[in-house]
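Residue numbering begins at 1 within each chain, and the chains themselves are lettered A, B, C and D in the order written.
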């Protein structure tokens, strides 16, 4: 039986790795998640047969509890996952991720409490948790507990912020100093667990870690959340890997560490794409972004255009490149944009989508939305692939994007965006910008593109403006 | 001490992986081999301190022997490796690889002989090798012995063939049937080792495996050797990994298996690039290639050109694309070609190199030769990157290439080359082909390119022709 | 059981594997990949089941129940959202036919 | 010591790692990579040293000596030829200066 279970775990771990691998190409991505899912089902099923569980004194109660918990947790997650809107994906991922971290922390809690009880009733009467578990298990177990708990409460905050349930960016004055102190105290209690056998220490430790997770996450700006979520994702992976070591479960070790490492890299890639460091995301807080608001002097004239004229321009264009940004997500305009694209294509216009790596508020945000609307991925071009093509473009249609087409990133060394690679929409013969008004983008910087000679503004909500364009193009 | 050694092995394994990783980009490749080298030195040094060695009865003799063996083996390899010509690299790699396989097999031999002696003197008087080593160690140890020995003798044959010391492609009639029988008998003895304690069995087994390696390799055509060498490379890796398990040496396990897996993939990539399967390489033998010789009917007229005229054409070209092939390697013309390139560049001609994945006789063959001559790698283009560019090319200079520019791979479905991607040299305004005569390429197929309207032949040895071209261009 | 030295090796190799898998991923798949790896650490469910399975006191059972509840949420939720996202990635019809031929 | 289950996991993960490292390699580096991985399995030298180090009979010493001889040849030769090949891969001067700035 033991051998069978171990073999199943081995296969599950292999399926996870192969699954993740396949997820890294759009062609095989779908199959990837199916493989990983099969691995998960396999691992879960064989675990019911594990001797550790079957030999327990309370085997029937425990198995019943397991089934109930799976039904409840899984059922709720299934329901909420099926129902959530595509645009709310980031907070959903945050929540599920937090659950994983919480589960890892809870596993650690069970083990630590067990060890602490045993230690208290030890013949010597004076044993510590570490004596019961061994140094390696105790250290990794406690580490996993810290990380898992922080990831748990932090992810819940991330979820609440993204879901618009929490807007505060500061709980206390001098938050960062308090956080540092809190972190030190928490670690102190972590060390204390190792050397003692007191249940109280464990409880206080968990409470501190919970608060720490909250405090760390609250100051992070809403728009930086993807980096944080990705980081918590990596941390949960690590915690799972460590608790896997505690339980001697190789599938958990491998899956956890693979995710921990993959997630760390992903976090760095994301942060880099946003021109920031991971540390900066944590410590800069939301305050710093506001400073840059007025690099102005740039209060030129925006030239307006009506949907009718814009429609004509696009209908007779040889090539239209659509640049979506955060505003398209807010307006949920992706379906209309795809409709517009199809009509233009029928008219013989070559339409392409140009996606900036950090357009929107999470990596690949635009790709997910466009995919949802049904845009085939071979119409979608990465920045490097399309930038040279703007010279041959009749109309660049910017919808709800701002920072990612801001030419001052190239020209103005005083701009906070300076150095960020951008989409060269300004090279197109005509630029049409759909936005609601004079609002700035995420960085709060003015955008000279909007005042350029070849740019016309089509003011209005993204969805409304797109509908008007469709109307205009159809009528021709 | 044990911990220190294990830590050193861990670092060595990590360095190997990081080193190999860096070798996969030309920018970091050099650093990669240095890292891997540092890992090897570290692992070797700490091994001198290993308790297994220091606790031996014969510690001083054995350590002296180790040092002598390292000095001899390493010294010889250092000398021969430094001195070998770039064009002889493939056979050198084959030889070093064979040495690795032999070492793995020898390690297995020591362990098997030890176990067999112990088993013979066991109290029960009737124990087998497997009883001494345990099933897992015995199985992996014997497997490593088979694989290592085949890789050893096979690599020596590969070396001899590539070095022109062996030309026979058949030792016995019905070679393949004999090979199959031999393989079965060898495996039989392998199983016998497991269940008995007889030294004779071990000796016969090794002799059979040696012969098997020879028999398998002899029928393989000289031009298929790179696939075989790569395969033996992967096999040696596997054998090393298995013997690492026998010795409980994690650095060997990891390095061996990483190489085994990487090598298997590399082998497949190579075979694929040559339009063949790995099995086909082994079993087709050299005979099959000859069949295709006369897909002729194509006996048109080749138009000759003199070096002087070719030089003029190229001097006034806007773009020249050079396509080297096996003939350039034979003629050792790479240095002259680079000289020609530099002169043309000075005259304002844009010169590029176009490399077909299987040009020459080993993967990356042309790249290595051009790199040796000093051609910077950013002048060198892969097939996919340059094919569209031939339309804008004034002169495509083909030197010693044949199959890789054969348009019948695209047009003639009866050609054995059909389906192989080729370099579209024929799209260039002018094609100049340097070769010695009407000789066919590796596949033995006629090449319609040579009879095309825009093609001129510059007959002569590659090196001589290139010198004449340099002369011609210089004189202008 | 995975212990000591072997565990360190497994940690190292799993780390390399994870890194390599991600290192050449297109930006287009960043969010689904984050979600996919989020699903993969849902394997914590298995550990949670063991933790609850070996629980002896009520406290342990409560915490264990909590662990399984959360673990199941991670695994199932992670799967559902990842699957929904990836299902949407489709090549254009043209391309699909092209590949079929 | 690496045994049983842990060894299987290490085999699996090392296999994945090797595969991933190679899977996106440019053709230009196939030969140096073959040579580089040839060098890496030169680690067999370490095993050969142990085999000779624990040899007790003359036969074992002879075979062990042979093993070290070959292993050293593999490691040293593999290094030398790989290093020679990779040393030759240089970008053009233009490019190099460009990267320096």
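The working rule: a residue touches a chain if its C-beta (ideal position, glycine included) is under 8 Å from a C-beta of that chain, and two chains touch if they have at least 3 such contacts.
Everything quoted here is computed from the prediction, not taken from an experiment.
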Query raised in the report: Looking at CA centres, what chain is most distant from subunit A?
Result: B
Query raised in the report: Quick one: subunit A and subunit C, Cα centre-to-centre, how many Å?
Result: 14
Report summary line: Here the gap between subunit B and subunit C, centre to centre from mean Cα coordinates and rounded to Å, is 39
Report task. Let me have the rounded angstrom distance from the C-alpha centre of subunit C over to the C-alpha centre of subunit D, please. Result -> 33
Query raised in the report: Considering subunit D alone, which of its residues make contact with at least two other chains?
Result: 1-3, 5-7, 9-10, 13-14, 16-17, 20-21, 24
Requested in this report: Hunt down the residues of subunit B that sit against at least two other chains at once, touch-wise.
Outcome: 17, 21, 250, 254
Requested in this report: State which pairs of chains touch, listing all of them.
Outcome: A-C, A-D, B-C, B-D, C-D
Report summary line: Residue positions on subunit C within touch of subunit B in the complex are 5-6, 8-9, 12-13, 16, 20
**Report entry** subunit C - residues contacting subunit D, complex
**Finding:** 1-3, 5-7, 9-10, 13-14, 16-17, 20-21, 24
Query raised in the report: Taking the complex as given, what residues does subunit A use to touch subunit D?
Result: 6, 10, 13-14, 17, 21, 250, 254
Query raised in the report: Quick one: in the complex, what on subunit A touches subunit C?
Result: 9, 12, 16-17, 19-21, 23-27, 29-30, 32-34, 36-37, 40, 43-44, 47-48, 50, 52-53, 56-59, 61-63, 65-66, 68-70, 72-78, 80-82, 84, 86, 89-90, 92-93, 95-97, 99-100, 102-104, 106-107, 109-111, 113-114, 117, 136, 226, 229-230, 233, 236-237, 240-241, 243-245, 247-266, 269-270, 273, 355, 357, 362-365, 367-368, 371-372, 374, 376-380, 382
Requested in this report: Show which residues of subunit D lie in contact with subunit B when the two form their complex.
Outcome: 1-4, 7, 10-11, 14-19, 21-57, 59-61, 63-93, 95
